[in-house]
Structure formats: structure tokens, C-alpha cells
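Chains here go by letter, A, B, C and D, matching the order in which they are written, and residues are numbered from 1 within each.
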Amino acid sequence: MANVFRTTRRIEFADTDMAGIVHFANFFRYMEAAEVEFLRARGLSVKLVWEGQSLGFPRVSASCDFLRPARFEDVLDVAVQVEKVGKKSVTYAFEFSLHGEVIARGKVSSVCCLIQENRELKSVPIPAGIRERLGSV
Amino acid sequence: MANVFRTTRRIEFADTDMAGIVHFANFFRYMEAAEVEFLRARGLSVKLVWEGQSLGFPRVSASCDFLRPARFEDVLDVAVQVEKVGKKSVTYAFEFSLHGEVIARGKVSSVCCLIQENRELKSVPIPAGIRERLGSV
Amino acid sequence: MANVFRTTRRIEFADTDMAGIVHFANFFRYMEAAEVEFLRARGLSVKLVWEGQSLGFPRVSASCDFLRPARFEDVLDVAVQVEKVGKKSVTYAFEFSLHGEVIARGKVSSVCCLIQENRELKSVPIPAGIRERLGSV
Amino acid sequence: MANVFRTTRRIEFADTDMAGIVHFANFFRYMEAAEVEFLRARGLSVKLVWEGQSLGFPRVSASCDFLRPARFEDVLDVAVQVEKVGKKSVTYAFEFSLHGEVIARGKVSSVCCLIQENRELKSVPIPAGIRERLGSV
């Protein structure tokens, strides 16, 4: 697959629940952390100042399918892909694997927002320079 | 809507992030807590002993659309509905509202599993008595 | 004991870890939530506008002794006490009980801070009106 | 200082709160993760099978002083030291630094417990082999 960013994630004790496996909500934290790593590799972030403007990328939707459990000390391989860059939004696809077997697949969509003086968010088109770095040329 | 279970959720300080709003991953915790409350109201739980067998309901998929942010001290209205009861799985739909306006909608699917001696999970048909209580008659 | 504020906390599934008990870090979230409830009962909060100034109460220290574990669905009794109100800081003592038996005791100290324009924090004396409500007359 | 184990921790977006800084409760998760890394470096863990017995190290107390805030994307230096190894318990001291300046100091004490068949915990003396690896000879 073209343009796949790869990282890893080691499961911490606090991420598990009484079923002895990673609590499902934590996969959404893992996705965000992988997204941030991907963006950092391209000189971006989920919160950044771009051409003098303070931008953020709040999530508008998130989903995940859980195929197999992950456990304490597992080191997951995480693949990040930019699935779609729209005018104002970007959608990432994530794949979590353990020993070569996919254990979870997720998606997260974020909207580019201007963080205004009063801290209110206002959706705006993704600046051309950011689009380029996201690989959507 | 028939059979809607309603509860509320007050946003805690620790649930917010640096954007000043509830971090999106927390909505998945909120959904689970609402599901547990719903089940408790029907004499069930996400982990229970049923006719001598230890059962759990691990999640196989979860999704959420975020329409508007929630903030510290907001008291959200949460509506829970059993959307579908399959042979082995159950899907819940959740709606979060603030002052009458929907701010997020989510779904979670769980699979009925037998918790075996070695703590491994094995999917099994949902017992008839539990199906009844879930309202799937 | 004089001036004890009491509330309860029901343990959620996501609060447990693979040892089958509440992960210890969650007790610090529980303490903060109880503190917020206590403050709300007195018309205050951990973040508020007071006489035109934006104030916050960041934590400067926190500790907890864990005597017995808490488990999923347990409903803990939480006692909150203002232990000490200094010039700029306030220390709370918390006691968690289950069925009348103390299972954890903790303390949290916060410093009154002015939230400046640039969002930087600057410690300031606790306003007289807030001191009064904290019961430190 | 003798026997200091060093690691790092990058602050994630989900670790921040609406004050724009790391929520204090997360430092307890960071301490545990650093402890686990330290133990792994010595062939141990917070949950392990040792000479045929299943052992765990539940926390009996934890404390932290917060000197300066940490923020999103900060990379903290974490120093871990075994402060004391008692007959059944071990106390770790942690120091978090940013750019050479200490921002937080914490301690965690754990008790060596046998995880019994029924998953109940029973405190036991720390096995000699584990004591040695903890550096308490």
C-alpha cells in the first residue's frame, strides 16, 4: 500500500480492564497518538500555528472493529493511512496488528478548524500547504 | 421511540482535553457506562453469572459521530436503545443531548462470550432469558 | 466530624484493570470529581470567574493509601473534608468506604491561580469570598 | 545517583485537560509505565509467573508533587529508583524532568501478592530471586 506510515504501541497495565484485555476505548487513544506521530513526521500536528493562524483538528467521527483482544505488554504494529482529504476534513484509516495478524481496524475523521480568540472553533478549508504535506496532491 | 432507556452523565474535569472540550475517546466510556446502567435496570450486566456460566460481552465494534462539543460540568442526556439482537451479538444505539440538542450519536456491538476456566473467551448464543430481558421478544 | 461533605461513586467497567480491581490512578480522578461536587455545593468550581477574574486551582500534590481493592459495580461512599486553607492553597482529605469499611484515604492540595490572558497561570491569594465558602472562617 | 533507571515519556493529546496541561492523575499512569519498563529491563513485571506461582504487585500507596506543568508533545525524562525493598513491599521514587528541570516527583509502594486460584490476592514475602533483581542485595 502506498504511503503507509508505521509505528508501534506497547500496551500498558492501565490500558487493560477486568476482562484481562485492552479496554476498547483505549484503541481510540492509540489511533490519535498514531495520527499525531504521522503528522509530526510531516511537520504537522493536531494543534498548530499555520501562517499565523491557530488551527485544530477536532474529531467528527470515529469507529473501530475489534477482531481479537490485545493484552498487557503486547507490542502492536500500527499502520496509518490518509484515506481521504476533503475540502475541510481528513479521514485516517488505522490497522493494528500483533505478530502479523490484524486485531483491529479503525477510522477517524477530523475537521480543520480555526481556533478563535474566544477559543470557539470555526471550520475552515485545509490550507494548501497542509494538504500537500498530508500527501493529497 | 419505543423502549428507550434514559440516563444522564455529568462531564468531569479529567474528561476534557486542551481544546477545552470532552476528549472524543471518553464518549466510548460514556456509552459503556450507559449500557451497564441499562442492563442493571433489567437485572443484567456486561459480566455476569447466568445459569451457572460466567458470561461477558466484549465489544466487536464501536462508532460515534460528534456533532457538537461537550464541556466541563455539562450534564448530558443519554438515550440507549437496543438496535438489534442477533444470535450471539447485540447492538446498542446511543444519543447524547445537551439542552435538547443532539451532540453525539454512537453505536456499540457486543458478542456474548463464555468466559472459560483459562479466562479465554468463546462466543456463544445469547441465552433465551437474557434475550427476553434485552427486549428482543 | 464537622463539615464533612458526602457523595458516592459507582465503579465503571473501564475503571478496572486486568487484576480485576479499580486501577489505582482512577482514585485520583474520583477525588477530583468529589472535590468538584463539594465546590459546586458551595457555589464554587475548580475553574471559575470570580469578581471578573478567571481563576483555576491546579494541583500541587496528591497522595493516596489503598487499603482494600474496589471492584466493578461497587458503590463507594466518599467523604470530603477541607483539611487546611492556606493563603494561596487548599488541602482536601478524602475517605473512600465500601459497606462501612474504609478502603482508601487520600489528599490533594491545590493552589489558587489567576489564569492570565496568555493562559499562563500565576498563583494568587485565595479571595476572601472563596475562603468563606470553603468554610475557613 | 546509583542505580537510576532512565526512560522518556512523550505527552499525548488525550493526557491534557482543559487547563492546557497534563491532567495530574496521568502522572500516576506514567509512574507505573516507567516501573514496568524498569522491571522489564531486569526480566520482571508487575504481573509474572515466578517459580510456578502467579505474582502481582498491587499498589498500597502513591504520591506525587507537581512543580511545573507538562504540555502536549513535551518529552519528559523519567528517572526511576528503587528506594526501599521491604520484606513484602517495594517503594519506587520517580523524578520527571523537562529540559533538565524537575517538574514532578513521586513515589509508589507495591506489595508482593500471590494471585490465588479464586483471583484473590494474598501478600507474601518477595522471593529471593526477585529481590536480587530489584538490586536489594
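Definition applied: contacts are C-beta pairs under 8 Å (C-beta built on N, C-alpha and C of every residue); 3 or more make two chains touch, one makes a residue touch a chain.
Computed from a prediction, not measured in an experiment: that's the story for all the values here.
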| item | value |
| --- | --- |
| Which of B-C and C-D has more C-beta contact pairs | C-D |
| Farthest chain relative to chain A (centres taken as mean CA coordinates) | C |
| Chain B-chain C separation of Cα centroids, rounded to whole Å | 28 |
| Centre distance in Å when chain A and chain C are each reduced to the mean of their C-alpha atoms | 32 |
| Inter-chain centre distance, chain C versus chain D - centres from mean C-alpha coordinates, in Å | 23 |
| Residues of chain A engaged with two or more neighbouring chains | 13-14, 18-21, 25, 29, 32, 47, 72 |
| Partner chain A, residues of chain D touching it in the complex | 12-14, 29, 32-33, 36, 40, 45-47, 72-73 |
| Residues of chain C defined as touching chain D within the complex | 18-21, 24-26, 28-29, 32, 47, 56, 58-67, 69, 115, 119, 121 |
| Sites on chain C touched by chain A in the complex | 13-14, 16-21, 23, 25, 71-72 |
